[in-house]
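Chain nomenclature is as follows: A, B, C and D, assigned in order of appearance, with residue numbering initiated at 1 for each chain independently.
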Amino acid sequence: MTSPAILVLTTGGTIDKNYFDELSEYQIVDSGIAGLLTEARVALPIRVVELMRKDSLELTDADRALIAGAAREAPEQRIVVTHGTDTMTETAKVLAAEVPGKTICLTGALSPARFAETDAPFNLGMAFAAAQLAAPGVWIAMSGQVFDGLKVRKDRAAGKFVPL
Amino acid sequence: MTSPAILVLTTGGTIDKNYFDELSEYQIVDSGIAGLLTEARVALPIRVVELMRKDSLELTDADRALIAGAAREAPEQRIVVTHGTDTMTETAKVLAAEVPGKTICLTGALSPARFAETDAPFNLGMAFAAAQLAAPGVWIAMSGQVFDGLKVRKDRAAGKFVPL
Amino acid sequence: MTSPAILVLTTGGTIDKNYFDELSEYQIVDSGIAGLLTEARVALPIRVVELMRKDSLELTDADRALIAGAAREAPEQRIVVTHGTDTMTETAKVLAAEVPGKTICLTGALSPARFAETDAPFNLGMAFAAAQLAAPGVWIAMSGQVFDGLKVRKDRAAGKFVPL
Amino acid sequence: MTSPAILVLTTGGTIDKNYFDELSEYQIVDSGIAGLLTEARVALPIRVVELMRKDSLELTDADRALIAGAAREAPEQRIVVTHGTDTMTETAKVLAAEVPGKTICLTGALSPARFAETDAPFNLGMAFAAAQLAAPGVWIAMSGQVFDGLKVRKDRAAGKFVPL
């Protein structure tokens, strides 16, 4: 197996949230994803592109078109997208329709990467492996599992992703 | 995709190392792997079995036979093995010879999971995804990559795993 | 020097903030102060009382009277109060007026204790030392410094406490 | 209270220990103390000098003379010394004899600062407050307490410092 090149597209979401102070709401800041990959000692050729810094509830159709365009036009065949969890499945549908022939894995976090306790690095690791191993298509890596991106939903009450 | 059950066998290694004080050497302690899986909010059915607590340089043929036996006899088809990095590839060979028909992914860490900066949760995430997605056989997830377990070596000088 | 008993009163503030998900604002949760003291291996006799869980901008005169009452009625002579930073100096004035003869040190954090990078444990350490060493009166430990609690203000633009 | 300038002398010890891999012992590396002070958002004028990187069991009389000389010759009146815990009290005696008229607080950690769970930042916070508040003399800040540096010992079995 040769080392595949992986493109990482960051879009914001809880995984990249930070906290400032009592007068301001917490905000999505400069992405910490590249730092997570350094900490994980990733030695593959990777490229990290920060597309936007949005809560996934604020993502518009235009934002999703931009994500799909970036994935489609990229030279890489294997793509990881970091994304807020609340509308991750909606973006998965757009990517499945708009980006044929590539392996794309979306992931995010229920607890921000800047927290001492967080699911961010584990989830990012799942997404990296899925981008390398899975068949072309759109996948979602959350809650310890790699799901078909079109057959999964977030169960907000239970705090986890579950199969449709 | 139904939720696959995953067996996690822990054997020790850097990933589970702790530090005590200036008079004692650091030691491998009770495995922190189950804690990492909780922090990662893994919602799959999993079973964690602590087989041994050894530096991988101290693993004997008998230890490797024990690991292979535990993998072979387990009801689970998908297995993650946490392991020291220095002889991970030797154990991979034994598992490939002794445990046919299962998907086994070995992983570990170059920096202990108890450190503030560590590759442990990312690597464990890769191994979980590989155990779910990869074909039957033995795999190694390290350095951001999922390798064929029989076609990889640790480059100690460079501090990473590279393809053979 | 005999080991002094220290009372810790928690009132909320950034130091105890947590984050849930994209649909809910972050909230102050069960205090993590006791956990920080365990991690710091504090071996003094201590008593931790969670008085309230409030952002300091929401504290009322009644809340401050309650904090002062708890400090005044306590058997301990040495008291640490964890508190939001935005109105910490207002509570300091009330404590100075209402609780004579005790050494009280307020502290908090600009970054939540649950973050990987946080000033919380350092500040709590300063407050513990100040409660042991300082003369009776009200003190504020923030920004690496122990201030007279009546001669300090928060410079929000600069993100630090400075002498009046 | 004007902002006092504080000198921080680092000498090594557990607080600055790191771990490399299974073939090498863990080692004391470039001091992380300056990083801890940044994370703690210390806004005082400080100066950090790395004197040596030694396990405190390896400190010689010459090393202690060097530490005392650096403390005595420094323009700062208030000094924090980070130090291994096993012989911290021996260095305290030398400093008490050799550096009159200054406030010096020694501190260290039972768990390395690079660990996710560590007493390092809390202890460093105690030492900073003690350097600002305590009378001239030598102090030791460990186990949640600020001790007279000549009236304290490490109880290795109990894992804490206790009064003599």
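By our rule, a residue touches a chain if its C-beta (ideal position, glycine included) is under 8 Å from a C-beta of that chain, and two chains touch if they have at least 3 such contacts.
Computed from a predicted structure; not experimentally measured.
Touching chain B and chain C together: A, D.
Listed by label, the chains that touch chain A and also chain C number zero. With angles rounded to a multiple of 5, the C-alpha fit of chain C against chain D returns 180 degrees of rotation.
Centroid analysis (C-alpha atoms only) places B farthest from chain C.
Averaging C-alpha coordinates per chain places the centre of chain A 25 Å away from that of chain B. Taking each chain's centre as the mean of its C-alpha atoms, chain B lies 38 Å from chain D.
One finds 43 Å separating the Cα centroids of chain A and chain D.
Multi-chain contact residues of chain C (touching two or more other chains) are listed as 110-111, 116-117, 159.
According to the touch criterion at the top of this document, the contacting chain pairs are A-B, A-C, B-D, C-D. By the touch criterion stated above, chain A contacts chain B in their complex at residues 1-3, 36-37, 39-44, 46, 110-111, 117-119, 121-130, 132-134, 141, 143-148, 151, 159-163. Across the complex, chain D is touched by residues 13-14, 17, 19, 21-23, 25-26, 55-57, 84-86, 110-112, 114-117, 156, 159 of chain B.
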